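One structure follows; several queries about it will come next.
A, B, C and D are the chain letters, set down in written order, and residue numbers restart from 1 in every chain.
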Amino acid sequence: MSELPFHIYPLETGFHGPKRPVANPDLVAEYNYANFSPFKNSSGNTDEYIASAAKEIRRDIIRSLVEAKSGHSGGPLGIADVMAVLYFGGVMNYDATNPWLESRDRFVLSAGHMAPVLYATLANAGFMKKEELLTLRKLNSRLQGHPGRDMGLPGIETSTGSLGQGMGIAAGMALADKHVSKNGRRVYCITGDGELQEGEIWETAMFASHWKLDNFCVLVDRNHCQIDGRNPDVMEVDPVEDKWKAFGFHTIHINGHSISEIRNAYKEAATVKEKPTCIIAETYMGHPISFMNDDYRWHGKPPNKDQAVLALAELAN
Amino acid sequence: MTKFELLGKKATRFGFGEGLVTLGERYENVIVLGGDITGSVMTSYFQEKFPDRFFSTGIMEATATLVATGLALSGKVPFFASYGAFAACRNTDMLRISVCYNDANVKIGGGHAGISVGPDGATHQVLEEIAITRTLPNMTLIVPCDFAEAKKATIAMGEFIGPAYIRFGRTDTPMFTKDDTPFEIGKARVFREGNDVAICACGPMVWEALVAAEKLAEEGIQARVINVSTIKPLDNETILAAARECGAVVSAEEHQITAGLGGAIAELLVKNNPVPMEFVGVNDKFGGSGDPDELMALFGLTSVTIIESVKKVIARKN
Amino acid sequence: MSELPFHIYPLETGFHGPKRPVANPDLVAEYNYANFSPFKNSSGNTDEYIASAAKEIRRDIIRSLVEAKSGHSGGPLGIADVMAVLYFGGVMNYDATNPWLESRDRFVLSAGHMAPVLYATLANAGFMKKEELLTLRKLNSRLQGHPGRDMGLPGIETSTGSLGQGMGIAAGMALADKHVSKNGRRVYCITGDGELQEGEIWETAMFASHWKLDNFCVLVDRNHCQIDGRNPDVMEVDPVEDKWKAFGFHTIHINGHSISEIRNAYKEAATVKEKPTCIIAETYMGHPISFMNDDYRWHGKPPNKDQAVLALAELAN
Amino acid sequence: MTKFELLGKKATRFGFGEGLVTLGERYENVIVLGGDITGSVMTSYFQEKFPDRFFSTGIMEATATLVATGLALSGKVPFFASYGAFAACRNTDMLRISVCYNDANVKIGGGHAGISVGPDGATHQVLEEIAITRTLPNMTLIVPCDFAEAKKATIAMGEFIGPAYIRFGRTDTPMFTKDDTPFEIGKARVFREGNDVAICACGPMVWEALVAAEKLAEEGIQARVINVSTIKPLDNETILAAARECGAVVSAEEHQITAGLGGAIAELLVKNNPVPMEFVGVNDKFGGSGDPDELMALFGLTSVTIIESVKKVIARKN
């Protein structure tokens, strides 16, 4: 018996015309991107090291968004600490120099609109040149408004952008790893809390616990905000933890801006057997930028030039 | 016939939003369901004026469609609006069985139509929902050409009884129809006379067709421009008359050419009067990020492509 | 300000050609349908009276299915006691002689495949002549395989058959009644337990509790079975009650074959404020027929002639 | 060319089920997802032989499609099958964004196609999914004509890389192709020669077309019968050759005539060689309960209607 051939990564069917966008050279110089060397991924890294990575991720989110002139600020800034732990705290197993390595753990950003934080994290991990961040949302950029697998960007495992879908794809990957390939890979997924209103989230939760996917770890970005307002004003999602418990998940409720709590949560998740884990991370949208923090109106807005200057100043070491 | 002039630019979604307000003022049983992008599909206008008749559903397009069905079966006239990618695709089974098979008086607004959405990229640029909604029995499908028509169409679909879907865009596009430009569900309008070729367009492509026609006139080609703002039911009479009198047709839509407006016209033509036809639309591809104008040019959704297609189809006239 | 006109009931667009099917006259005679007089709906009815109605409903399910030669036996038989209480225990407000009366409570069978029990109940309540039950699933019958509103059958509020949809429609009706018309009507809905695997159930649950639809009562036919087997072998849905609680419902867990428990549950539901109620009714698929009871293989099968004779014998007074 | 004979009757769903088993025997990375109707869409065959590679999803067609996507992105070749009403409509957004935009190697089997489903009624009789799936970029759409072809098509779609959807039926329909009848994705086959008219059919309507052709031959009309078993990508060459040589086309499908196989052919014809065409299919209506033969006759999905349409279209030739 043989294996059917398949071609998965990288896929490069998405280019609409030959020209790729180029980053503004003045900004590349200003941000000193040329001399940047990637952060390391190790469980030995100190919380301070990871916090510094998170700060740099946030700076890059601001830089890419102000240049893009459209896109989502709030969610990406709020989840930066979690992303820093995933990629630089030794949680996820990957090799940025060999991005499609079979043995890599998988990461799926189910809330695809948070793409800027994923791109910034990948750049800071060395999956791409940092200057490419300045092509966000431009024609033919590998950095699409929502992650597009068709652009072949290393580290993008799947297209997302329609809420509620990424988690199901991630569960499918976890199923393949645990019950088919039995390869020990783990699958990490991040969803928004407004995203929990989509029924596919609960279908997938039921599916993942039925199949005992203990290699599957979902983190909910619990910022209590969505586009039209705070969750309870749009559609109440609480009690969030009870829901996940009732759907068979092991749950961990943490402060999503505490590097140590995030690290411990992912450590704990890795030890849970026969159950998938859901980490509910309390965050603030737009954190820690003073004029964005906990304000839903920053869900889908980029900073303008002045706001970017202020934000970057607040993020200076 | 008076020539259409450019009156400025405004997205069709604003016409939808204003139309809802007019309906709300006129009729107490008009209800609006919001899907957490109310400020983007402009149901926020209705929400501000009629908070008691606005209900937030959060992000659950399938259930919002079902809730709308229940409202309709209770004598209300519910509108649910989201981006077309979710208002026609996330809830297709609901549209088919609960809305259309029930023949429930549900009105769906589908925004972010086409690649003119711009930087958000392919996931949000819906190019398939004309095909999806027009294949459903009992469904009425409207694609207004500009702001003013979007407003009229929204009011008309509310006053009309039966399932209906309206498609509108995010980006500001030319305004060229006026308050007194007639609109009627099921009626396609000739916006420019001509007998060398008929350009049947919908949405913002109608303006592109008018621009193309002007340029073609300079070369002595008189194009008839038809605004097919109702795609289902199709105005067979007007389109067949054009086919008969012009002998060639070009369709133009911000949608896959597969099974869209062009497909509807092709079905009509071969069944009644097979004349050469060319299709302007997206050629079986997904969109991508970029700014709207760049994308429209890159995907060939401009007067330039229409002109090329017109010349191609005229050359094919035996 | 005026009301937009609307035409809802009855809709009669579904007939495919003029001829309506006729019931087999021999069977009409054999079942003595001509002399039947409908059961009464009253909170004063005794449990025995309601039980006798349930038994007659079950007989009619068997009679219509054996004549149809296709259709679902298990679910309909299992939920007959609940249906009898709804229609004959004074729970639902309706007038069979004036079926489209504005003030009527609404009933939605979300699990549309259970249509035979709905038809049998409606006939026993006087919504139609009993002999029409013998036209089930035949060409142009008003008794479609799954409820079809387009056939204009009195008592059919909506088409159902695609699992997970009816409950959302019912919630929309409840929203109209509580928050728009404010008319005091109540909406009753029945779902299957396999149906709980569809995400729209949980979207609707979240929606109904967000809008505090205390005029909305869902009953889950908890028979632990679906087509391919018992729920846990297909897709685990437990803990069912925890799920509904976590989604903001008042829950009542009962024996779905105890007339008194069902009556009390619906009484309790009517008193709950600011919350929708979910009654979890433990039932047996195919109950009480000896060779069907609790056997998932009877989900979608009709009895053959011999089995029908046996079943009707078991159901004889 | 050898004449096709009736070899008995068997539903195409059994061919799908057997094809899956063959794939399972050949390839260890073929996976099947069951949606609680496995005994009806015949994924039960695979389940019995390869329990370790069969995963039950319960009743959640949207998520099953997403899980299949994840499996595909992990190097598996997943098949998910349900009734077409749910395998193409309940998960349309998932097919569009997760499967097709991802270009994920996901295979969907859609059963209970058409009104030949019978007594279950309209909800289960899907007549819209050809339109829905063919408008999606990157999608391949196959509609086998009988049991043997369904088996070949299933194996072929497994061995081919990319998103694919196969449509099959519940009710026993004529078997007439043999193990050695060639099948190739993207290739339409001429099943009967003739130059007076071309009947382009898919699914069980291919047999009806062959029956119609025999009757027409008695009246001196030679109909070419083409089995269009791949609707996307369409075999333009074979169909255009038929249009050129026959000068008239009739489409026959157990689907809405709106945007289905007929629509795909109409689009091809007007763009290349506009010839008269007639459509045999369901005319923008929902189905209903009844037994399959009664329904097929009532909805005009038989050789009788094909014969009428052939005469109509021949009369329309210049």
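Throughout what follows, contacts are C-beta pairs under 8 Å (C-beta built on N, C-alpha and C of every residue); 3 or more make two chains touch, one makes a residue touch a chain.
In this text, all values refer to a predicted model and were calculated from it rather than measured experimentally.
**Q** Between C-D and B-C, flag the pair that has more C-beta pairs in contact.
**A** Of the two interfaces, C-D and B-C, more C-beta pairs touch across B-C.
**Q** So which chain is farthest from chain D, going by the mean of the CA atoms in each chain?
**A** A
**Q** In angstrom, rounded to a whole number, how far apart do the mean CA points of chain A and chain B lie?
**A** Taking the average C-alpha coordinate of chain A and of chain B, the gap between them is 35 Å.
**Q** Which whole number of Å gives the spacing of the CA centres of chain A and chain C?
**A** Here the centre of chain C sits 45 Å away from the centre of chain A.
**Q** With chain centres taken as the means of their Cα atoms, state the distance from chain B to chain C in Å.
**A** Each chain's C-alpha centroid was found; their separation is 40 Å.
**Q** Where does chain C touch two or more other chains at once, residue-wise?
**A** As it turns out, chain C has residues touching two or more other chains at 148, 150, 159-162, 197-200, 203, 206-207, 210, 235.
**Q** Provide the list of chain D residues touching at least two other chains, using ranges where the numbers run on.
**A** Residue numbers touching two or more other chains: 57-58, 60, 62-63, 85-86, 90, 93, 97, 101, 122-123, 285-286.
**Q** Determine the shape of the graph in which chains are vertices and touching pairs are edges (line, ring, star, complete, other).
**A** complete
**Q** Chain C touches which residues of chain B in the complex?
**A** 25-31, 53, 55, 57-58, 60, 62-63, 65-78, 93-94, 97-98, 101-105, 158-159, 161
**Q** Sort out for me which residues of chain A touch chain B in the complex.
**A** Spelled out, the residues of chain A in touch with chain B are 14, 16-17, 68, 70-71, 112, 137-141, 143-146, 148, 150, 159-164, 194-195, 197-199, 226-228, 233-235, 237.
**Q** Please output the residues of chain D touching chain C within their complex, sorted ascending.
**A** Answer in residue numbers: 34, 36-40, 56-60, 62-63, 85-86, 90, 118-124, 285-286, 288-291, 294-295, 298-299.
**Q** Residue numbers of chain A touching chain C in their complex, please.
**A** 197-203, 206-207, 209-210, 235-237, 239, 242-243, 245-248
**Q** Which residues, counting only chain B, touch chain D once they are in their complex?
**A** Residue positions touching the partner: 85-86, 89-90, 92-93, 96-97, 100-101, 122-123, 128, 131-132, 134-138, 232, 249, 256-260, 262-264, 266-267, 269-271, 274-279, 284-286.
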